[in-house]
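The next part holds the structures, each set out as structure tokens.
The following pair of complexes shares a single chain, chain A, combined with chain B in the former and chain C in the latter.
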Partner chain A sequence: MPQNYDYDEASTTWPFFVLTVLFVAVTPVTLIELYRLIVGDSSDKSSSSEWSQLHEKYTSEEVRKYRLANKKKRSKKGIYFITVGWVLISMLIYHIRSNDAIYQIAAAAFDPYELLGVTLSSTDKEIKSAYRKLSVKFHPDKLSKDLNEIERTAMEEQFVMINKAYKALTDEITKENYRKYGHPDGPQSTSHGIALPKFLVEGGTSPFVVFAYFILLAFVLPMVVSKWWSTSQEYTKHGIHSETASHFVDKMFNFKPSYVVVPDLIIKWISEAKEFQLKFPELSSVDIANIIHSHVNREKTENEYARNYVLTKSSLLFHQLIEIASTFRNTEVALMALDTYKTVVQATPLSPHSQIFQLPNVDKEHFLDSTTDDICALGKLFTYPDDKIGKMLGIKDETALNETLKVASRIPKLKLVKGSFKVRGSSLNTAEPGSTPHIQVKVLVRSPRHKLFPNSLIPAEKIAGDDPLLLEQDPFEKLLEQPLLPETFAPLLPTKRRTCWYALVVSQKDGKIIQTPSLAQRLSLENLDVNFDKRVIKDLDKEFNAEDWTIGTFSIPFAQPAPKEEGTYFFRVVIKSPDYFGSDLDFTVPLTVKNTPIETDPKKEILEELDSDDSGNEGEENTGYSSEDFDESDGDDLEEDSDFTDIDTDTEDEHEATEETTEKSSKTD
Partner chain B sequence: MSDNGTHFNETFFEGQEKPEIKVVSVYTPLVYVSILVISLMIFASKYRRSQVKKLAELPSIFDEHEARDLYFAIAELAETEQLHPKVVKAALLNRGAEAVRRTIKLREVAVQIEILYKNGSVDDKYWQRYQNEMKLVDLELKSCIEEAERLQPDWPQAFVNLCREICFNQALQRRYDSILDRKNIFQKLYQLKLDDNGKLIQ
Partner chain C sequence: MGQSTGATPPVPITAKNKTMIQYDSNNKQLSIDNDSNTDRLTNLNQINKLTTALVPETNPNFQPQPNNETTNMVKNMFQSGMQQAQNKNIPDALRKVDLAVDMRNKARKPWEPFSFQLQELHMMLRNRTDLELVSQRNLDAWQDLEMLLNCGMVVPEVFIRLTDCLLKLNLVELARPYCERGLSLDPKNGPLLALFQACEKKMLEIEGDL
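Coming up: the complex of A and B.
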């Protein structure tokens, strides 16, 4: 060790280093925790809403405990960190304050203002007068003779300092020196030291310090780096174990079109995930599959302890499976995975009556025995009066029935208003070859309780929605204006989840998915509060008020540019909810590729567009939709081969008719 | 260097010590270099062998290879027992058809695997397995053709075409066979009611 290094013997420097490091670490965490505290409060506010209370009420004690424990675990770590951090900081500050050496150093620093007793804002005149007064007081000639030697020298030193201070503030050169080097005499000698107390480096403890450095550099650092590297290798970018990902890809790769995909198969794939093997090495994939099946059937399992973890994890696995299946362009698997996802979220097996059985309090056996008419859809359920619904579902308690109906009426159903390809910045409904279009879907969110009404009742400007002047706006940014979707009613699921929709785009040419699914998490559900009960509304035209309804928008990115050749291409768009049964949408959108004629005045074009909107709408309707109401067409979705647009529209008309007739017949009852 | 030189130095820089001179054999650098090169070569060969071993340990991305196993079982049997030559040929055709299917399949999913690899959905290992499979499937087809030539010298040209046709036929057959399964499974799942002609009753 070179001899000319000073150690921090008086502990004047290292506390500041440590303090800085501590502040850097603790301050952001504190801010995050504070933010969480505030936001957590606001989420508590939303949980006090009727909907969340209802959700909370049906949540079992066990699940609630699990949720709470999870929440606490996350927040506690941060709080511990903050507490320890701030305790250390306060200890350090105390240490610094009680350390005289630091004050001495600070006192030794040259501050002309303090020496002269003036402030930074003092004028030259004030400085001068202050200097005069002090110099008179401390001038060696004017000192009283009674002072002893030591006091005298102190006074003389003080006089020199005052002179220097005065010069520093008035004399040009000294001023410059002070400004540049912090001292009136020019640069001072700088000393380089080690911010470690001497006893650590020299003497008996030095081997320990060397050893600590050695451990840190030779073992800890490589270990941390290698651990980080191996975990980053072990898990894919999307957060699942890479072996699980390989497993899913293997399954998709070896998938033969002759296989029939059923929920059991999807659950089997999910249960073979590496995550479960790592967490519960004692459970086989069959056990895991049994756990999922028992959750779906709302039964107890023998391995109850693993249940919460399995279900929590499965959500991510489902998402990845859907994504991988979509990348492999496999419509059948992707759709069935979504359906299976739904059965897990709602703990309701896939059946024609899933829509009914997803509701709370429903007595399944009683329902199947009691009804003669086959009721599969929530919309049909609401054609009956409340007490009769109670009788059918086997709910005797009145509050329980009310709650069931509340949940049922708040399950959002989507009604397609218009689906079309749009190109950013263009008001036309056609795309130029090679341009990048996106799919814009206008939907009407409605409650199953609401009476159906034709799209023609919705004013055209509401559908068109976008202001022609805002065409340049990013369509996906615009989506952010819509509120986030609320919590899903899934009381049996160990985690709370937000409602969302997956949008899959399938080419009609070969019936294969063409891009990874896009997720819609924002949509206004305020329509659900509109009072438009089927059983009350008699005269549709009179009682309909267009003002009450908002039209929601899905913007689905289109991963490929428009085809090079002119023509019309058909794409099937499936908007599927992983949360509720009966909230799906499945329709065909044509993409018309056409070279635009010579540019006309843009203003005129917009005007023309607005004019033609009314007439263009009817034309749009035949092409731009398939199933008005998805109540009973879930079966059609799965058969997948329905890539003929005309067939879709046909069946859909029938649906309308059947539902209309059932409604009428129920009224005559 | 020479003795003179050192003397010369000494006279001028009296305070300095006499630089020590070590006699080094001409072979020393050669030995050094050869040790270095040999150790590197040993390392490289070991490393390469371990890499190859690792690659060989990676599981195939295909589920099974029944057609190949079946062919080898039959070929083995043919050596000891009297088998009709057509049995061996049929097994070889079956194996060839499977090889053709794999070639087509791998080519078909090339884009998808690449997308998955690029967006980080699968790791390097899977990518390696895929690359392996690409090479293996070529070898497999080649070995099938060689076998065909061994069985019947002027066969290979027709053999490949025949394999392709068998492959397509098998694919169609599988799809056709699954129609009934599909019907039964979905009928049960959605509790569909069908009349005697198989038409849906609404």
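Coming up: the complex of A and C.
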């Protein structure tokens, strides 16, 4: 160890050190901000669309302010950081450029190319000729006699350097030395020092430097590390407080079948989150629950100031509760949490008429008083003429009514086209034991306004969708071809959100969830623009144009391999939207596990599959129960099969139902 | 660390824990101070209930057995209910079966073998749901059927009744998944297939697509 340190007297080292540190910090932040700027622009573009304008129109002034403030707060921090960073960088660069000492050091460095006046791409021949010319000029024997001693020595030194440079580029050993150590003579002496000017360390300012180091090592560093450590300990990797997570786990662990799972219970659990206790220590969990309830019922609350934060945070909490409930395989809680999530997003309580009440401008009391028919679904609403709908919903203003109908007709409904298990790379509808299948769900997105048409009208190629040659393609990668879902119409929610669907998979054997839910954020909603009004269409076959419609796909990963034993296993798939009432899908998919027959022609298989789809009756093919299986006489067997002793009272009902449906089917035939 | 030895040491009760469990050596009951945690209270109550029932037991070679007297009592009440049903006196029959179920709840000691109790409960609940369905008490029937499912009675017959009763309650969105689950157990079950068609039709009707 050297006894005396070299100091950076001429400020030749520290600017480069600081510059590197600054670049490492500033460049990524700049790129992120630029990306945000570009993406932010594209979202602004979409806000000019009619749909977003409508959304904006129904947003209250207060919510709008909150959204804006949030956006500004986030972008400002980054912009301040970037500005300061780049100003410092430019100052440093200016400093480096105006520092002669740096140039001197750079000049002293050995560069054979510069010495010979050749470029990196020069050939050996060019190097040789350049060396010849220069050696003639600087050779000690060839120098003019008029030169004084100093000039002569300089020239001689230059000649030595030229020789070295030539060797560095031609001689093997010298070349190797130059490549390894940056000098033709091999390793040069290195000096170690402190990248601080001497006056800072040895002058009167040295106590300050020592103090600064002391502060940095004794306070700042431990604080930063402990803060990082405590946040990583306090919050789960999903971003909720670990106490909140353990609270949810505790609720699920102690869950008793006697619990009545209703939105109130879910909201109670959510309101007990640690996040709210930390942010608003003065509010009890009951207060928080009241805030959520008042939002759902569209009422004022005493603690209005906390509302925006509570609602914004609740979204994440709902998501986590759904995940934790799924991990505990609790179907009841997971489904109710999703329903409660919906009530918060739409600020509409769960009721038989939620689908209607989620629309803007609806006069709830007027609607309940005025209608004699029981209208619970948007589809039913659209069977009436527009002016009648206005009367029923209590909307007198024509623009308001149009806007309400616009929103109603753009709430996507899913119609199941085909749900099946698929194995990547196989065209079969069966899975081999132990293979990894996934669930492929083909859906038709339609507006509540659209007239329903049977699946048989959709061309088979459209349903199959995938090219037999592309069977090897990753089904989840393929999903990325579908566009992102648009913004949800939820004007009362303080945050803007994109529409999405949760896909839960439940084993029908024990009625329990088998895996964490997967989230679908991509699906084309272009079908909503098709003009196919159920009040206008008279002749379905004539007016139907298959070209207008697109078929969407959900691919749901299946978290376990296919069972080892051959047989058919049934799984309930629930595709549930946390955004709108009336956008859900609930069906059963059979998984047939079978060893593959030896000879199969994939193309032929596909053709057969398509044929069978065509002949199937819609509604039945989806679930794998066909009408051929249904035999009237089965109804009578019930009495014998049933474990119900002395009396079996509802066989009458069954008979009625049986007769009714057979009547129906004969009528439709 | 000596964790490999197995048993974890009991969590010491410190002042930080605040809640203190107290044991009354006279009546052998546990109690808890200043605690509003319902789960903990429920657990404590269950322990107390079991202790109360065990304390008066005098037989040194104590083996839990179903009490014959109670079994007969419940059985008689239940059968008289069934007799009423055969005489088409449904309200009386229902009242007697209700009583029999209540009696089973109250008269049975908590340590009596549960497998026997479960069989008894299954039989009575199945008959009670049928009586409830006949007398149009659909909500009660729904509750009992869910109870049967929770008690592990996962058979198509339960799903037939569940679907039927939910359809009567106009809750087709709830009825359909039950119907499908029933069909998963028995894909060729006639009544369930018929009910499935009824659900589909009802769905279309509600959605205004019919």
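The rule we apply is simple: the second predicted complex is superposed on the first by the 498 of 669 C-alpha atoms of A that agree within 3 Å, B and C clash if a C-alpha of one lies under 4 Å from a C-alpha of the other, contacts with A are read in each partner's own complex, and residues count from 1 in each chain.
Just so we're on the same page, contacts are C-beta pairs under 8 Å (C-beta built on N, C-alpha and C of every residue); 3 or more make two chains touch, one makes a residue touch a chain.
Here the structure is a predicted model, which is why all the values come from computation and not from measurement.
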{"item": "Partner chain in contact with A:Phe382 - chain B first, chain C second, else both or neither", "value": "second"}
{"item": "Residue contacts with chain A in the superposition, chain B compared against chain C", "value": "C"}
{"item": "Partner chain(s) touched by A:Lys167 [first = chain B, second = chain C, both, neither]", "value": "neither"}
{"item": "Touching partner for A:Asn254 - first (chain B), second (chain C), both, neither", "value": "both"}
{"item": "Which superposed partner A:Thr236 touches (first chain B, second chain C, both, neither)", "value": "first"}
{"item": "Touching partner for A:Asp586 - first (chain B), second (chain C), both, neither", "value": "second"}
{"item": "Partner chain in contact with A:Ile324 - chain B first, chain C second, else both or neither", "value": "first"}
{"item": "Intersection of the chain A residues that touch chain B with those that touch chain C", "value": "254, 256-257, 634-635, 638, 658"}
{"item": "Interface residues, chain B side, partner chain A - complex", "value": "61-63, 105, 109, 112-113, 115-116, 119-126, 129, 171, 174-175, 177-178, 181-182, 185-186, 189-192, 202"}
{"item": "Chain B contact footprint on chain A (complex, rising order)", "value": "233, 236-238, 242, 245-246, 249-250, 253-254, 256-260, 262, 320, 323-324, 327-329, 350-352, 634-635, 638-639, 658"}
{"item": "Interfacial residue positions of chain C with respect to chain A in the complex", "value": "39, 42, 82, 85-86, 123, 126-127, 130-131, 133-134, 149-150, 154-155, 157, 160-161, 164, 173, 176-177, 180-181, 183-185, 187-191, 193-198, 200-201, 204, 206-209"}
{"item": "Interface residues, chain A side, partner chain C - complex", "value": "254, 256-257, 376-377, 379-383, 413, 448, 451-452, 508-511, 534, 568, 570, 572, 586-588, 590, 619, 623-625, 627, 629-635, 637-638, 641-650, 653-654, 657-658, 660-661, 664-665"}
